[in-house]
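You will see two complexes here that share chain A, one where it goes with chain B and one where it goes with chain C.
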Partner chain A sequence: MATKDTGAILSRLPGVDAVDSEARDGMLFAIPYLLVFGVFLLYPLLKGLYMSLFDWNAFNPSQSEFILAENYVRMVQDPTFWKAVRATVFFVLLTVPTLVGLGLALALGVNQDIKGKRFLRTVFFSPYVLTVSVVSLMWAELYAPEYGPLNYYLEFFMSNPPAWLNSFTFAMPAVALATIWWTVGFNFVILLAARQGVPERLYEAARIDGASTWRAFRDITLPQMRSAIMFVTTVQLIASFQVFGQVYIMTNGGPGDSTQTLVMYLFRVAFRQQEFGYAAAIGYFLFVVLVAVSLINYRFVGGSDT
Partner chain B sequence: MSRKQQAATPTSRRRVIKVAGAAGIAGLAGCASDSGTSTGGSGGTTTLQYWTLFAGGDGEAMKGLVDQFNEEHDDIQIQRQRQPFDEYYDKLFTSMTGGDAPDLAVFHTPEIQRFSDALLPLGGMVSDGTSDAYVDSIWEETEFDGDRLALPLDTHPNGLYYNKDIFRDAGLDPESPPTTFEELQTAANTITAETDKQAFNPDPYLRFFVRQFIAWQNGRGGDFLNADNTEAAFGGADGIALAEFYHNIANEWNWDQADATNDRGTKAFRSGDLAMTINGTWYFGALQQQEFDWGMAKPFVAPGQSEPQTWANSHTLGVPNSSDKQAAAVEAAEWITQNSLLWGTDAGHLPAAEGVLDSSDLQSATVWEKTLSTFSEMAQDGQLSYMPSTANNENYKRPVNQAIAQIYSGQLSPEEGITQAAADVTNNLQG
Partner chain C sequence: MSTESKLDIPRPKTVGLYATLYGAAFLFLVPYLYMLSTSLKTEEFAFSQQPYWIPPEISFEWYQVVLEGAPMVQWFMNTFVIAATTTLLVIILDSMIAFSLTKLDWPGKRIVFTVIIASFMVPIYANMVPLYTIISEFGLINSPLAVILPFSAIPIGVFLFTQFFQDLPDSVIEAAKIDGFSTVQIYLRIVLPLMKPAIAALSLYTFVYTWNQFLWPLIVLQGESSFTLPVGIVTTQPTQVFQPGAEMAATLIAAAPLFIVFLILQEHLVNAVQMQGTTG
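The block that comes next holds the complex of A and B.
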């Protein structure tokens, strides 16, 4: 309906016939996406904000009590929430630099003229097609204290290998390692494509001028791949801040709260403690953090060519 | 065996071992045949959707009860749906808030309160004499703020299960299981010295520590929460003494490994590598499948049990108030809870229906001599500790389970762990 009205208004103005049909077509093409966006993203986003201002009664939403910012105040004062923030940041620090760095290294390595390139490409990317439950169950078995292959072989070298997923020290790094193995393939593919887009003549020119490999990497490869690296970093930051499936399946947030990340805590608050309002507030905190992190990333890593 | 379970529940996203172990009776194969014997619901037949969380022997027994019900009723047919134990209440909550609730569902008594807004009060729907059909103490557990919200199916307390073959190997009398902490020390130390088996483990699943902890805390004359359930009361000397007991079992006395990997204890006990453990009524079904000789005794073996208590819980049946088949659902709930002989003889639980509990059919069954007579005695002596009902029991379960797991695996000192858990529980209850 809205498009018809807009079209009618536009057509009454002189000299806008061309604009009219273009605008109308544009809107028509955008409508399917806007519908999906509105129903599955915008509406839940606004509804979440609305819920976060209430002591939400899940069984009788109409009886929910409006409490303004109380959920947010409670969040700031909730030690478990801050533990979850720390656990999440720890996970991000463990995964994002490694995922980007390793992805880049693999991409540059496979870009060389080496034997079995095609095979390696498939191998590096293949874990990415698995689902989170498959990856998590598989790694949980690998890490299993008594019968797991990892500890079986470690026992040849040490008398008491750690119970990885039950250890305060090792649980989060263990989850991070599984995550890196699982998702590095995505970064690898993006960065490989970006590397292949860098014109060879730049390297030729550099070689003629006597530039070392390192110099070529620093002054040609990195700047040329900047957009791709920024994209990969941003996507990875968002994914790592939102980590849930791996910890839910591999550790259930334990031992203690050491692997209880923000989304894991949000899930517990919403579905175990039945406090949707408070959970929505936690979700909004995460949302704001992600927007901020992405903006900072665009500003500093993205640089001028974005 | 757990592989068969895995195949039977392909949709489970959790670690299969966890699910299987949590159900407690993972030893039985072919346990998850979920289909009820629905006749299709035409011709004035009301078909009820009934959600349970029973696997293994419990699942078989409940299937048997539902089959019996369906055979005896032409107008009502029950379709049984089993949900994974660990996700059961999450799914139930989601279904009840999403307007797609079952007509009838299983609730543990301490979980009823958090669903109270969405459960049908049964007062007007059951006959006045209904209360007489159930054991008083269990009946009382299903009333909240004056509303009867569920009908009790059973009570399922904890007992001390022990492997008589290991007792014999260690030179102990297999007919004299330990009844006090001192006797436990003697038995466990002897087993540790004389055999290569593990001697004692207080929670074979290594993640439900809070259950028996509450009972033992009460048994010392202490409280777990304060009177109005707003604060932890276990952070003092009694709680720390118990925490030291957990610590010592695995870190000082070598009765067990200092490793809180889920379900490690139940695997060890079932494979005959663990001499004693504490578990619920449902263990009967699983242990009957084992080749070793076993017994069960009262689990009053923690230090300082002046007023001995054991953990207990009840399965109950409740009707979500969104159901449009309420009368039929209540009728089914009454029938299942009052015709629960199979629930005792096969699943090993103490039926809540007086008529079943006192029946010669039950009292002459193997299960009575093996376990139920002892459980029944503890119930009659008022030695059952139910967990407190709060707006959300996760608030106290999780911190305590986590803390004791860390104390047990030697990652936290008893005092540090229990103090932290008490602070977390208080914070959660007041949050």
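The block that comes next holds the complex of A and C.
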């Protein structure tokens, strides 16, 4: 703060315009980003709210009709929308706890004194660099009911294995499993770094006190890794809430609408039915929910050491 | 090291630990193996009930079919152009504003910073309909710019850069000023060189992220010649009738470039991901 004060004093002296030129340079360095940010992020955010108040004509926007909150009313009364909410929540429940729990288990395992740490890390993290298309096409082959390997082996144990992606019951769990394989590596490497950051002396002290392994896990590992665990949970919540590619490619929302998630429904309303106003309203709803989820999570994190 | 770290999992028997971890690693590798083996199978074995992990007859016909039947090279080029340009823009734009926000003083910068950080949570999905109308008004449908521009000013980049720039001592900047460096010189000759590791990590992460994008390119790239690899391999079928072998060959070709980059630059990518967890 001392430099600021000196700057302020200097600027009042005649002939010294250091502060003014710093302000000018500061703004010049900020403008390129702010232009792109304004046009492609802030402006759409406002335009989305505006569009959601219209029966928007996608082909001739000037023909759009102002209908105030009708799109939102329609959303609340739309059974397909609520089906999509349920499908999304189901997907979140299937993926987030497993992604965080399995990520933590793998991180703690690889952190042990074992051979081939690097190999294991490469294997567990590698699917994360694949695109969703590759992941979905690969897993669709594994799940194929007639010729896929999964059902070939299951037939040794059961006479009628599920049709996976074509099954009302198993389509979503199948998509969830592929997703877990795809993204658990992200959590794994972050949690591994967090675990390596826990001071070993805490464990030494616990051992001297005769604490059990379980106690050490509960009283040292978990609390010490709290902020990292909260971070990956938030990231996964947001990601799972917005699931699109996997369902679009593997099931196209089917069978029926059983795997049609919110973003999938939004995509369909906007780009298959061309109902931009209604789609914008759904988009806004999604945005508000995500902000709420993030804020609730940050509240929790806010209480910790960060 | 060896004895202390055994405390964090309830009673790990070494054998059990090895079996669990290597068993899990084996399961993780199964999808890759199946993709590879199916891409090398003839039609007869690809549709066979029995999963031939090593095809009895190895055939490269599907690779030829895919490369001839779909513009894979074009898609690869499109994807590369989009990922490389976006990365370059993210690094330039984000580092400039982050430098300005942390090391320069100007009126209103607090508000600007707050707005950027608050928009962290705006997902592209929520914005996709209005953004589509804007891209369409600009006449950018099917243009690589339709994918590049909206992802060139992402708040997370600004956030990460400001975290790093804060660690840069003000005294370094002050000393440069006394030596008569202009702001541009300070940025180019001092800040950027000192921030090389952060820039490398963020570049790699942005490149991978952009390369793998699916939903947004699917919306704004509508002509086959403008597709990226992720969009192309699910939108265009290289064969008249569905062929698992052809599909897996296309999938493998699409996955290979980035996967090879990953195997070479793994350390950096892992660091880039871990960085988010520790600064975020």
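Convention: the second predicted complex is superposed on the first by the 265 of 306 C-alpha atoms of A that agree within 3 Å, B and C clash if a C-alpha of one lies under 4 Å from a C-alpha of the other, contacts with A are read in each partner's own complex, and residues count from 1 in each chain.
The rule is short, and it goes like this: a contact is a pair of C-beta atoms (placed from the backbone, for glycine too) under 8 Å apart; a residue touches a chain by one contact, two chains touch by 3 or more.
Note that this is a predicted model, so its numbers are computed, not measured.
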item	value
Chain B versus chain C as contact partner of A:284, first or second or both or neither	second
Partner chain in contact with A:176 - chain B first, chain C second, else both or neither	neither
More chain A residues in contact [chain B versus chain C]	C
Contacts of A:168 with chain B and chain C, given as first, second, both or neither	first
Partner chain(s) touched by A:247 [first = chain B, second = chain C, both, neither]	neither
Touched partner set for A:145, first chain B, second chain C, both or neither	first
Contacts of A:92 with chain B and chain C, given as first, second, both or neither	neither
Partner chain in contact with A:80 - chain B first, chain C second, else both or neither	first
First (chain B), second (chain C), both or neither touched by A:271	both
Touched partner set for A:231, first chain B, second chain C, both or neither	second
Chain A positions touched by chain B in one structure and by chain C in the second	133, 137, 144, 146, 248-249, 271
Footprint of chain A on chain C - complex, ascending	1-12, 14, 17-18, 20-22, 24-25, 28-32, 34-35, 38, 46-51, 89, 92-94, 96-97, 99-101, 104-107, 109, 112, 115-116, 119, 121-123, 125-134, 149-150, 152-153, 155, 158, 170, 174, 183-184, 187, 208, 211-215, 218-219, 229-231, 233-234, 244, 247-248, 250-251, 254-255, 258-259, 261-263, 266, 269-270, 273-274, 276-278, 280
Residue ranges of chain B in contact with chain A within the complex	13-16, 89-90, 93-94, 96-97, 114, 117-118, 259-261, 264, 392, 394-395, 402-403, 405-406, 409, 411-412, 424, 427-428, 431
Touch list for chain A against partner chain B, complex	57-60, 74, 78-80, 133, 137, 140, 144-146, 163, 166-168, 248-250, 254-257, 268, 271-274
Residues on chain A engaged by chain C in the complex (per definition of touch)	3-4, 7, 19, 21-27, 29-30, 32-34, 36-37, 39-45, 47-48, 51, 61, 106, 108-114, 116, 119-134, 136-139, 141-142, 144, 146-149, 152, 181, 186, 189-195, 197, 200, 203-204, 206-207, 212-214, 216-217, 220-221, 228, 231-232, 238, 242, 244-245, 248-249, 263, 266-267, 270-271, 276, 279-280, 283-284, 286-287, 290-291, 294
